[in-house]
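Shared chain: chain A. Partners: chain B in the first complex, chain C in the second.
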Partner chain A sequence: MHLPTQLSALLLVALPSAVRAVFQDEVGHIDYHYELLGLPQRETTFFHKPRRDDKASLLYTLSDVGVLGAVNPSSGAILWRQLLNGTITDGGGFLRAGEGQNWLASAYGQSVHAWDAVNGRNKFWMDFAGEVKDLEVMEMTENNRKDILALFDENESTVLRRLSGNDGRVVWEYMETSGDVPLQVSTNVEKVFVISLRGSAGAYNLKVTILDALSGKREDELVLGTKADVHDKDDVILVGANSAAPIIAWTDDTRQQLRVSVLGQKTRQEFALPADTISVEIHAPHIVQSQPHFLVHSKTSTGHTAEVYHVNLRTNVITKAYQLPFTSGPGAFSTSSNGANVYFTRITDEELVIFSSTSDTVLGRWPLKTTESRLVALHGVSEVVKKAGTDSYAVRSAAVTDTDEWILIRNGDVVWSRPEGLTGAVAATFVEIPESENLAKTLEQEAHSNPLEAYIHRVKRHLEDLQYLPTYLKNIPTRLMSSILGTEVSSHDVKLARDTFGFHKLVVLATRRGMIYVLDAGDHGKILASKRVFDLPTGQKWAVAGIKADDSTGIVTILGTNNDETTVKILPGTSFNIEVLSKGPEGSPATQSAALLNTVSGPRLFPVGLDGELQGLTSDILPNQVAVVRGSDKELKGVAIADGKQTVSWTFVLPKFQRIVDIAARPPHDAVASIGRVLGDRTVKYKYLNPNTLVVAAVDESTKIPSLVIYLLDTVSGQILASSKHEGVDPNKHIECAMAENWFTCTYFGQYRLRDGAQSLKGYQIVVSDLYETDKPNDRGVLGDAENFSSLGPIDAPGDVPLPSVVSQTFILSAPISALEVTQTRQGITSRQVLAYLPENHGIVGIPRMVLEPRRPVGRDPTAAEAEEGLIKYHPAIEIDPKSVHTHERDVIGVQKIIAAPAVVESTSLVFAYGIDVFGSRVAPSFLFDILGKGFNKVTLIGTVLAITAGVMILSPMVRRKQINALWGAPM
Partner chain B sequence: MRLLASLASALLVAATAATAQVITVPIYIQPVNSSSVPSFLAEVSYDTAQDPSSAVAPVVSAYEAPEILDDLRGHELLRIGVYDKAEKKWVSSTSVISAENFGKGYAPHIVLSVDESNQEGSYDNRHVLGVAFKGIRIDAGQTRDFGPQAVVVRTAQGKQPELNKPVVLSPEGKQVVPQEKTLLQKYWWVIAIVMVLSLGGGGDGK
Partner chain C sequence: MTDLKPVADPAPRWVTDLANPPPYKSKPASIPDPPGYSSQAVSGPSKKKDVSRAAPREQPSPEKMDQLKLKKAWEVALAPAKNLPMTLIMMYMSGNSLQIFSIMMVFMAFKNPIMGLLSTNQAFERFETDSNRGSILQVKAAYVLMQVLALAVGVWKINSMGLLPTTRSDWLAWEVRREPLEHAVPALSL
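The block that comes next holds the complex of A and B.
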């Protein structure tokens, strides 16, 4: 290959070591990463032995964000992860394992896959036309191989495929075009059952189609029940599989009766459920050898109970064996089978109890020892082991709690807990640790009282402060030692406070499940607090329209799209605490976004309705503000706000067949150190620094090959300042823009022939555009001498209409990027980096602005003057250099958004990424020029100083003596 | 009737699509804070030449200084855009200007943002994305036309990467190296000069 060698050689020149993202000794020191799976789903979580002869089993799960992974049950460490859909999902999917097999089968959407259970490598991946409705592993087949049964819904017809467990090849296929709703698939030793719903919504009948496992031929079809007694498909609770007598169970829609039928039988049995049952779960073993027993777990609003039933294999009659006592409060059950023995584990908020399926004798009982006040397990899986030679048992249960944690309880002790609730994050913001308000208040008080009183007050205050002196003095040696040795001061006993470098900030994170987390960015992202804000009904997600932090008060406001508003107040004090006030979601989504408007008491968020109307406007809003909103026809509107009233001032209507794909604005903190760029020949190009600009990326689908149109708007007047059109852009791939200072950048996937017709290209691209006041250096155009400027008013100097001069350049990227963000520093002196997530490499890259430079000389080496300016020769491709990846070797998956915030030191920008994983780091695009690095050897420095001091102390008396002797020595 | 007219105009467009065409759009203004009917401001003609450099400069073919100026107290905001009088709607993006732009001593400049590759639009306006307006101080020292000016800002062609020269391969898959010119091909003119000199120089005429 010609290109790579040429490329790498070029890159060596182009990217000096200045762009290195992370040094080895900074790994784990400046960055932190929560490697997460997501909340395990009830049906797709289990213990499984990855090797047949191994005793140890692993914990496998397919989570509600679409991550399939294996966890070591003894430590809670992740062994491997796979992101099934390539991006975050809304739950669903299937995961099964064959007993004694070293692979797992999973399905999501239209594909069925198998994975090596030990290392998570893909065994096969099959894509089909329909959507997978159920997945099952056949435990017994004719050729001693375990196969996969996958049930599909393909355009209203039911398709069942038996896939070979070795390579995913289709062994046989059964198709039915009856229009029934396919529900589940089940199997016993020789038959395969397809369960579907016949009838219309609200009045279904259960239909069981019996197929021959060997050939897939239909043998029989049964319709259970005489009348339409299934109201909804959620009423079907369980279709057991791979049991000696698989059952199907369903309830009526009022949860009064449980109807159970053994698959293959036409009869059904009815059992009354306890009064006031609101939901029912059934737990049954999934192994053929296990006894056909099952447990019915009924929940009421106050507590829960369970009944155990046995199936008679000969007569297929189901009998109730025993009932467990009703317990108030929440509880979770799980099944574990060991050969023929079946055990049920019950986790209540106080204890962990195990039973055998045969009798209600308690085999083991452990009180829960948790650090938290109350543990509420929602669902779990468990593994019961009988200790050899004794009658005692050991149990470990992995349970999902109501605080979105995944915990493992071993014999009553919580061994580990994973903060899986951090996944599915929808909004986050940095917020400063609020300074203690007391000092500010006292100082103010002193300023307002008479001098004598103020003096007395002050002396008193200082005397009071003396009580902190011993602790301060006590801490000095440790602080000194840690400063010399470079170790970190443990922050456990130290009050949370801002540091001089400004690294110590908090991150407030909101997740779609309605949880709020407060993380300490200065202490490896430690979770300081978490709180459930809303109890959202199943299927509903918390969508956030806007999040805003007030650094002076420590208040974070979160506006949701569903008429909800949440305030998180970080309380100053010795122990960290937050106060959350929320107005619950109600009604249907009515908010498209949130507008940040300046009011008398500081900036505040206001919800923007779906039609683009701002809501809840108050009279304290400062005048002369324009909010940009989306109208009902997807146009953009400028809304001028005055005296609590709003008027649509301008509208930006896209041509027909164009639609907006992304909008970017300059970040709220966008410090600009210099208004111009000094060129190599000492002339200056002045930056176009209009703070009221917006980049709109739209896809034009009027032509056969869509194109991307990028508009630059003035948000005050609505004027289109510039626009450009890129032909041959794939609108289905990620298109995103970012803006900062006087430039903006957009990334897209393009495939086209160059305009000169010579070559064609295809790939992910990034276009960067610089805005200058005029084309010519040393010329500020018509506005050059103006003191101020209005987008609306006339221009008081003769000349041309002032429009920005746009200089653009496009580069080809070696990997797709998403979640663009520009680093922010306090003064804007430091050069910038475009931070982006690499969805295919699972990392976060920082592309230096020096590389994304439209003025790089094309086709020639830079002249001496250009080199002085820092320009490097243009090369069409930007390779994602591993040195510029801030996540280095960490596997960060599913990042949806990256946020950046300035630190106090100019060199550094704080970065936080969220989505599935949570990652945070500090980025110094121009190096840490204002901080001593870890490499600075303080020991040597102090050692040298001490040695010189010692030397001087020893030598100076000797020298003095010699001098005195010389003076007294009489000349001979 | 309207359909017929638009059909006719569509035919006209089809007939003249390949060549340059002068398009005239009506520009209207309307106070932002009132719901009154937009009033006519100007008519701008621009040339849709394929090559913008050869296009004829846009002209303001009609201009009516707004009457509403009399009762403006200098601060009222106006909305400006391409307006379809028959359909009674704006057919382009609108922008906002202050009425001061129409004040004395300012030459009106109408800025049209135009994308000529756009094939779809309403009314006669297929290309004009948006309209802006600026009053620019008249330079008293210059004896120029103080009348309304029109500026057309065209959608730029998006920058494409500047690729390196492709590697040319021969049918055998080898890289083709352009053949070096022989010494004779390169320096024939030296030989020619030497020959001319030696032939034309002659002897010393003895």
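The block that comes next holds the complex of A and C.
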């Protein structure tokens, strides 16, 4: 059934139940979702029993993207997640759990929170003025309640607060305005120790302030060591957790000596580290009941080793107990305690070994059985269980590998692995699977020869293709069955090839940790390949300046900001093959963005320097191209390129007190089905379809309440085509714009006034503007029927400047939205949807363009002609309808960007969202009008046909007999 | 019982019935014969001649005949016009949406006049004589005019249904978009 657009528009309004983003049977069929946490951090990951009497423990982590979550260690499934900061973070944060407590304490930025360990519900959330520097749980308190110690750095002063574990109330507060750098906090049974750095950068002394746990009164202050022997705060390795004898350990900056002191003592002991040590880690138990033993893990460039030390509780003397053998290759250690017993687990690339802390005898040893070639664990946590009645042990370790995966190894077997490296994605693009090179060549050859030859060639080619016929025929029954029963053909033996509908595309994803992933959008987002492109030092991130996909060759080029370039080549064939070539990074960041310029040999990416100058220009660049680059923070420049040279052709400078917050351009593939809009009276309003336009959203902070100014620029001449101002806008909330066809839309948080003028409210708003050639119908504006136009062309009269006529309308949104993107289809016939992420609802919504229509009649019902056009009465509020949420019941967190790509079928647009979670789906804004949905019941159809056939076969002899009898029967 | 005897009369009953029809039953005198069917008429052909002779039909003169034929021809020529008001009302009633009823109406509105136009000569063949050829031509012209009028009603109908490409929007698909001479590339950070 193909309804005329106006009728379907009416249907849309009349039948809200029909407007559904996803049908139930499509869930998991058209969409896919990676529910991710991010890479677990070493300090904030542990096994913990959520209930005191329960035997089963869960795996908790606060990841490097700011997600706190609980994972079932036996299946790897996420039990609950919380995004602490509301958005993606760069690591940091604290997570602690009190032994036997059913809650977790976490801290990030300026807030301290507690969560129910079983279901992840928030217990309390306290915001403070300073930044949290450390967090500890007090194991022993006077009233049998475990409290939280939080160390803050508030304007150069150190503040330690003891918060009640029940409700987050401040029990006592200790403040010190000495100007020392607060570092960590630790506690033993009756004392609290605040460790801070005294002195100046490069020559610090460790200062330990001892406080009374009950009252928070200062009891003593110690300065460890006489000379300033702490070079940097990273040299302090461990301030030892809640053991019976907490220690503090630090090294010199050349990593030659380890200095350890038991907290509360003035003495310190020095131990020599193995030669060539590059980094040191200390693993100590976190429970008071455990023996005060700790392990020093020293890494060299070739291998690693470990030493175990014991602390004598009475004399506070630290002695070396034993040393583990040096092993070449990487390795990870983890601690597990069971009552007083402390176990150390060592994961090397070959085996998993557990030791007791008392002696170096091996308690258990399991070779690693992995499917992958080599497993490199970076750090991990483990849980050792002694099997009842026997001398054997079982161990499970959750480890982070060098390929950004989180795996669980149980007795040497990899039980599950989570692709946590997909989080923190910075760029992604859809790319077509390249057709086999031969076919592409042949098609090109056919296109260039004369029709007769081409025809003969084609017939020959098709005859040759007959050799594949038997295989094809052989596959028909399976395909038929899978088509009827709705099952899917397993993709293991199917080669990587395009499908008829164009759903089978690949997504190349680059993450900030320097990994490249290739996902198969046609097969539930399966990870086809992952590769580490760059080994980035901690703290450094891979920033991508530009990404470009060449659909015909299957080559994705990624330009980074550090002079690096990565090429991902997808080769067609029976077993997919992905090549990654990369160079760089080198030097300091030198690239701000990348310009996709047309050259003789097709479009190519050129880096744009920080000063806005294009680099590496060649002479084969096609003429008449202008690249729009950022100058300073409030400046846009148009750079004209000719003969490999560049000249600044225009500069757009914002007025004083204005700064750019977002820029949107039309997507590169922006098919326009019709150049005009047919009105109800069958006149035409011509769309202003200038591809060289740009929307610049700027915040004007010249007044007390900032306002938002939206400019529409012509990017060839730099001229302002239109501008609008929205007052009372909050610049700290999402201000984003999107542009497509002849319209653009921006969302912001701002002030609005009710119609009676009495009340002024604030709310999330979306403004949408349509651009037309003129405001009169049947008029193509000053350019008339000209076949082409130039923004630089001379004009005869002042009124002859082809400026668009803008129609705008603003709507109030019921929820904030971000990451705006417009759906794209092949021909642009299908109506569009504005896709946006809902940061508070954790979903992706599709707002139909029909709702975001600036020409909706205000304050009156639409006339018959307007109704025929599909215009509905303006209503200022747009409710986020749960039925229009494409992610339906899925909890998609931290989406930073949404990308859309057209499929071969016109109705459908492929959508991919990345950030923390990865989500992909297919969106059909005008419903699936060109293919059968999954709800089409083929079984019933075939059953009906079969039943009718059977009926005919049974009935036809009967009828024939009756007819003959009737002919022969005597007339009565 | 006696033995079976061969059938005395070999002819079947229906043959007998056919040969000897049942005797004519005289009808009661109270029921009059239907007009033109006197019960005596069938008795013999001689009576029929009497009737024709009793009411002799006067043959009209050729001029009168022509006049009559012309009158008849005018009637035929104006017949389509008589249908027009009805057609108009029906078309108005059927609305401008595309439904099976209005589609059939429009189809008929075109089919009838066109068929009528094509069979103009046949329609007036029987009225045409050597003497009235001139005036018949006028009639034919009137007939054609009427059919064209009916056709015009059909055209009006499809126009009001929006099927005639008379507006700008109907030619929109053939209008091309203006191509820019320059090409600008936004090179802005992701």
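Heads up, the rule we're going with is that the second predicted complex is superposed on the first by the 873 of 972 C-alpha atoms of A that agree within 3 Å, B and C clash if a C-alpha of one lies under 4 Å from a C-alpha of the other, contacts with A are read in each partner's own complex, and residues count from 1 in each chain.
The definition used in the following text is that a residue touches a chain if its C-beta (ideal position, glycine included) is under 8 Å from a C-beta of that chain, and two chains touch if they have at least 3 such contacts.
Bear in mind the structure is a predicted one, so any value in this text is a computation, not a measurement.
Trainee: Looking at the overlay, does A:R52 come into contact with chain B only (first), chain C only (second), both, or neither?
Mentor: Neither partner.
Trainee: Applying the touch criterion given at the start, work out whether A:V426 contacts chain B, chain C, both or neither, answering first, second, both or neither.
Mentor: Touch status of A:V426: second partner only.
Trainee: Could you say whether A:F657 touches chain B, chain C, both of them, or neither, answering first, second, both or neither?
Mentor: first
Trainee: Would you sort A:V716 into first (chain B), second (chain C), both or neither based on which partner it touches?
Mentor: In the superposition, A:V716 touches chain B and chain C alike.
Trainee: May I ask you to decide whether A:Q765 touches chain B, chain C, both, or neither, giving the answer as first, second, both or neither?
Mentor: First partner only.
Trainee: Thinking of the overlay built on chain A, is A:G638 touched by chain B (first), by chain C (second), by both, or by neither?
Mentor: The answer is both, since A:G638 touches chain B and chain C.
Trainee: Could you tell me if A:A545 is touching chain B, chain C, both of them or neither one (first, second, both, neither)?
Mentor: second
Trainee: Determine, under the contact definition given at the top, whether A:N788 touches first (chain B), second (chain C), both, or neither.
Mentor: Second partner only.
Trainee: Contacts for A:L708 in the overlay, against chain B (first) and chain C (second): which applies, first, second, both or neither?
Mentor: Only chain B; A:L708 stays clear of chain C.
Trainee: After overlaying the two complexes on chain A, where does the chain B footprint on chain A coincide with the chain C footprint?
Mentor: Residues 638, 716, 790, 792-793, which sit in both footprints.
Trainee: Could you list, by residue number, the parts of chain B that touch chain A in their complex?
Mentor: Contacts found on chain B: 32-33, 77, 79, 90, 92-98, 100-101, 103, 106, 109, 111, 113, 115, 117-122, 126, 129-130, 132, 134-139, 142, 151, 153, 155-164, 166-167.
Trainee: Would you tell me which residues of chain C are touching chain A in their complex?
Mentor: 162, 167-170, 172-173, 175-190
Trainee: Quick check on the complex: what are the chain A residues that touch chain C?
Mentor: Answer in residue numbers: 426-427, 544-547, 592-598, 606, 608, 614, 622, 624-630, 638, 663, 665, 672, 674-676, 678-679, 682-684, 689-692, 694, 715-716, 777-778, 783, 786-793, 897.
Trainee: Could you please specify the touching residues of chain A with respect to chain B in the complex?
Mentor: 2, 638, 640, 647-653, 655-657, 700, 702-703, 707-711, 714, 716-720, 722-727, 752, 754-755, 758-759, 761, 765, 767, 782, 790, 792-803, 806, 808-812, 854, 858-859, 874, 876
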